[in-house]
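As structure tokens, here come the structures.
Both of the next two complexes hold chain A, though its partner changes from chain B to chain C.
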Partner chain A sequence: MTNYLLKRLGALLPTVAVPMVLLFVMLRLAPGDPAAAIAGDSATSEEIAEVRTRLGLDASLWEQFLTWLGRVVRLDFGNSLFADQAVSGLVAEHALVTVQLTVLALAVAVLIGPALGIAAGTRRHGLLDRVLVFGSSVGIALPSFWLAVLLIAVFGVVWQVFPVAGYVSFTEDPVLFLHHLALPAISLGLLEAATLFRYSRAGVLDSLHQPFVTTARSMGLPERTVIRKYVFRAAVVPMVTVVGLTTGSLMGGAVVTESIFSIPGLGQLLLTAVQRRDYPVIEGCIFFIAVVYVLLNLVIDLLYSLLDPRIRY
Partner chain B sequence: MHTTTEPVLRVSGLSARIGDLSLVRDVGFEVHRGRTLAVVGESGSGKSITAAAVMGILPPQIKAEGSVFFDGTELLGEPARRRRARGGAEIGYVFQEPMSALHPLLRIGTQMIRPLRHHLGLSRGEARDRALELLEQVGLGGERKVLDAYVHELSGGMRQRVMIAMAISCGPRLLLADEPTTALDPTVQQQILRLLVRLREELDLALVLISHDLGLVARYSDEVLVMYDGRVVEQGLTAQIIEQPAQPYTRALIDAAPRLGRRVDRLPTIDRAVLDQTRAMAGGV
Partner chain C sequence: MKTLRQLLAAALVVSTVAGCAAKATVDTTTPRRGGELVIASMPTALDPVYSTLRSNWLAAATMCEGLWENDARMGVHNGLAQDYEYDGATTYTVRLRGGVTFHDGQPLRAEDVAASLRRYAGSSPGATFGKILDAVSAVDDLTVVIKLKQPSSAVPALLSTPDTAAYVMPARLVAGVPPNKPLPRIVCTGPYKLREFVPDRQVVLDRFDGYQARAEPPDGASGAKTAYADRVKFVPYNDSNVLNQLRTDAVDIAPSGPLMDQLPSYRRDDKLNPVVVPGGQFRLVQFNLKQGPATNLALRQAVQRALDPKQIALQSLGSTENFLDDSGMFLDTSPWHSTAGSQVYRAAPDVEGARRALAEAGYDGTPLRVLYRPSRDPHAELIRQQLAAAGINVALQATDETSFTSRRADPAQWDMFLATGTSYSDPLTVVFFSSGFPGWWNTPAKNALMNRILSGADEPARQAAWTELQELVWTDLPFVKLGFEGNLAVTSTRIGGFTPALGTVRGFYNVWLGR
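This part shows the complex of A and B:
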């Protein structure tokens, strides 16, 4: 187990290194010049060149790469080219918001999806099942930003029960925090709930006729106990993977949702940084996302062995 | 046959169909307390369907008709809830593959304790003690660790012993064992059959032993029911049928079993003509 953990953590390094190097190359190949942006519209070419030198962007790509590598291995991403702020602080501050939004959205998805999946799976072909299957098809097909705009129109504009944009930190006011994040979390989470619904329904349908479930029935246990203790227990394991993947796509989806609701999260930070070619900030954001993905996968695999005694590392 | 008391189970005119396809037709037999009935036939002969129909665990698309009279009550047509409640408490069922019939993610103890608490109203601690006694009864005494084990950690024989311990745990009067030894080594097969017969005596059970191997179950049964193509071909006392089978199909089934010390180049098969004749004969009943 300890061996396995060390091995997995060791694998973290190349898994994060590859996207980082790719990112470095792609950013420098992409059109756009941060020096020109910083110097401003009215700057002369001498002024732009001066900024470029100050930022070290006039060196050859190899030199830039080596300097970059030297800093990155020490986890030092430097300062933003625009705001005079350390990248680490910027990323931490914005990531916190995104993580909060993701957790809330995940809670929405996990609370709704599996419960409905069990309800539908155990009443296959019933009215509830048919309605939910149709609803989940719609949910999977819809883009989250569409739902976000719809929710804003209904609950923000027509009924005005939720604010249409903005963010209040949890420490400042927990109630306002939830009030502001409710619509974004629902618009993100509801669509992921549709995916979770599909998987849990399929899992339940699959387990319902497993021999060990027949055994439980043959022992005279009431159907409710059979479903709760035997069917669901078997269906829950593969769902851990789905929840893991969902968390990943939620973080990705948060980028779009954040910009719709003007939430100062990682998505907004990244978007602005890309528009301005703020290389260090982009690199910091991507680094954070890559590490989270890898760790998330590790956590899923560990959870797997916790839930299934046949899996041991 | 040997006794004047009421049989624990009397099946008559039992048929099972899936849509228009008939799986079992007009099957009838009786089992008394303390007796063993072997139901024998090849794959697809309908013996497992018959057992599942008695137990009430047929897949929903299969419909059963006829009569399953258990201990003074007609089971077919009984409300599903009542029927379910008899499982474990009145009728025990031993499945063919203990590996898949036991939950892979729950400890053996958890799986044994739940029916005990449900049917007998035992506390958690009492149920655990009872489970240990049961394990002892099926020859897993001193294996305290079995309760905390998962099914994949046990050997094939141990798994089937656990399965049997569970099936008898809530005091059934009838035990249905569907090919209980098919998944096991030959030596373990004999052990498990001996265990079933011993338990039948100790608990005064009526035992239905389903098998494709007439030679194997002959030694452990009092009566035999031979099935082919969903119908009863022959039934009677085991000794008589082994001595003098009335039907060529039964004779062929006995001859088809490989025996130790008898060298053969090719295992005998059952003649096509015998099969056709058997089907015609059974269908004509």
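This part shows the complex of A and C:
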């Protein structure tokens, strides 16, 4: 187990380093540069060139790469070209907001999806099953931004139950924090709940026909116990992978959701950084996301062995 | 289920009726102190000298003041200056208002003005002023002397805020800080002071109780400024959601973002209050005069004759209600308004004339590369069609904001680009006349006229030079200026005092929340 863990952590370096180098090259080759964004709409060519020189963007790609490499190996992403703040601080600050949103959305997804999946799977071809399968198909097909707009229109504008945008930190006011993140979390989480529903339903249907379930039933165990102790537990293992992937997809989906609801999270930071070509911030965000993805996958693999005694590393 | 549906329906009816009733009772006619005014705009940096990006200037315009200030029609008035004398040559002597204090409680002194103007003169926004400034110094606590390298009566206009960023801050804050390094904090003399700036989250300003207002009636950024709201907050917004923020009073003012062609629907919405600034902007087609086919005057004339300003306005505004068919670079309410060259503007559209000019230009059918921003230039396709009808091929090149600004700085990448101009207080502040602005209009005749406008020691001399330059705009055609369009801000219905003002920047004083 320890060897496995060390091997996986060792693999983290190239897994993160390769996309970072690719990102560096692609960003510098992409049209548009931060000097133009800093100088502004009324800037003359000379003013843009002056900003380029100040930022060191007039150096050759190799020179820029070596400077960048020297900093990144020390996990120093420098300062934002716009906010004049350390990238590490900016990413940490914004990532905290995204993590909070992701956790809430995940809670919505995990509370709704698997529970309905089990309910539908154990009532195959019943009315509830058909309704839920139809609902999940709609849920998977819906783009998250569209659901967000619908939720805003109904719960934000017409009924005014939830704010249509904005963010209040948990430390500032926990109630307002939940109030502001409710709609974004629901719009993100509901769609992922549809995916979890389908996996859990399929898992339940598959487990129901396994020999150990037949054995449990032949032993005269009550159906509820069979479902809870044997069917659900067997169905939950593949779902852990899905939940892991869902967490990643929620963080990705947060880019759009944070933008719609004007939430100052990592997605919003990344989006504005891309719009402004704020290279250090883009690199800091992508580094953070890459590390989180790799670690998340590691945690999921380790969870397998806890949930299924047959899996050993 | 039926009961649930009935409950939801009842809730919908009650909440809608309650909402409408609440709107109907908001009194916005009487100024009222108190409350928090929320603006849908998030500056990336607070220091206006750091960038020419005017969306960054809104917070500064609410907190800061300059020696001279623009009224709602871009006229120039004394601000922190009590009065001034210009000797007709190279010296301005400016006396400051007494009793003015900065947000940190320290009194305004002449040395603060001198330090602020020195920093401004070295910045991009202050480049024109920097070109003519010789020295600025404090004579005593309340007297500043500005020495120029050449005569110019344009200094008040060149330093008039919020059209420029020549704000006055304490010498202890700005001295030694280069203009390309943002200030760590903003301390000014305006009606609001900075409480908090959290990048990408919010800028919060509190009323400055020590504010010393001018006695004149309020007019744009000039005259008395009253901080009715206790607090002004700038927050991030999304174009697609900002109207919902206004409808639910989560935001009070959206200074930009709402689309002009949606004006009729905003007017019908009883939760929105659209405010149109007549003639607040104009569309413009800029030519590349440095290299490529647009260096040929006959080709530029062909393009100008092929374009139909009214149809273009119809496309971008949805109607011609807010279109002013005027060839001038300045509105007819401005002292700089001139009809010189208007016969060229009036002759368009003239497709046959465009074809003749094309033949004269020896145009070989090579597509002209036109840079545009889809989010800002909905008329790009119409322009392509109008030019195609005259036989001019166009390759439209859509770009995002940042790529647009950097690509147009490279003359090899484009032949024309679509831009939008705003209202200006003086010809010297019109960015399209700058020799370094992409397009590079840098002819001896234009430079000589600009120098006459800059160095003119009296206003009639400057006016005469400007009239000639306005004529040259239409004969030399560095760009095709289209008619004026209204621009739009939208407020919630609980806002009072938000009156139209020209310019892309404004402060949020003299605005109150209704009862």
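In the analysis below, the second predicted complex is superposed on the first by the 305 of 313 C-alpha atoms of A that agree within 3 Å, B and C clash if a C-alpha of one lies under 4 Å from a C-alpha of the other, contacts with A are read in each partner's own complex, and residues count from 1 in each chain.
Simple rule for what comes next: a contact is a pair of C-beta atoms (placed from the backbone, for glycine too) under 8 Å apart; a residue touches a chain by one contact, two chains touch by 3 or more.
Computed from a prediction, not measured in an experiment: that's the story for all the values here.
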Touching partner for A:E47 - first (chain B), second (chain C), both, neither: second
First, second, both or neither for A:F212, with chain B first and chain C second: first
Partner chain(s) touched by A:P14 [first = chain B, second = chain C, both, neither]: neither
Touching partner for A:A234 - first (chain B), second (chain C), both, neither: first
Per-residue contact with chain A, leading partner among chain C and chain B: C
Complex contact set, residues of chain B against chain A: 55, 57, 59, 84-89, 93, 95, 97, 100-106, 111, 114-115, 118-119, 150, 152, 163, 166-167, 170
Chain A to chain B touching residues, read off their complex: 209-212, 214-223, 225, 229-230, 233-234, 237, 307-310
In the complex with chain A, residue positions of chain C that touch it: 11-12, 15-16, 19, 44-45, 51-54, 56, 124-125, 127, 180-182, 198-201, 235-238, 240-241, 244-245, 247-248, 250-251, 399-407, 409, 431, 434-438, 440
List of chain A residues in touch with chain C within their complex: 31-51, 54, 80, 82-85, 90, 94, 149, 152-153, 156-160, 163-167, 259-262, 264, 268-269, 272, 275-277
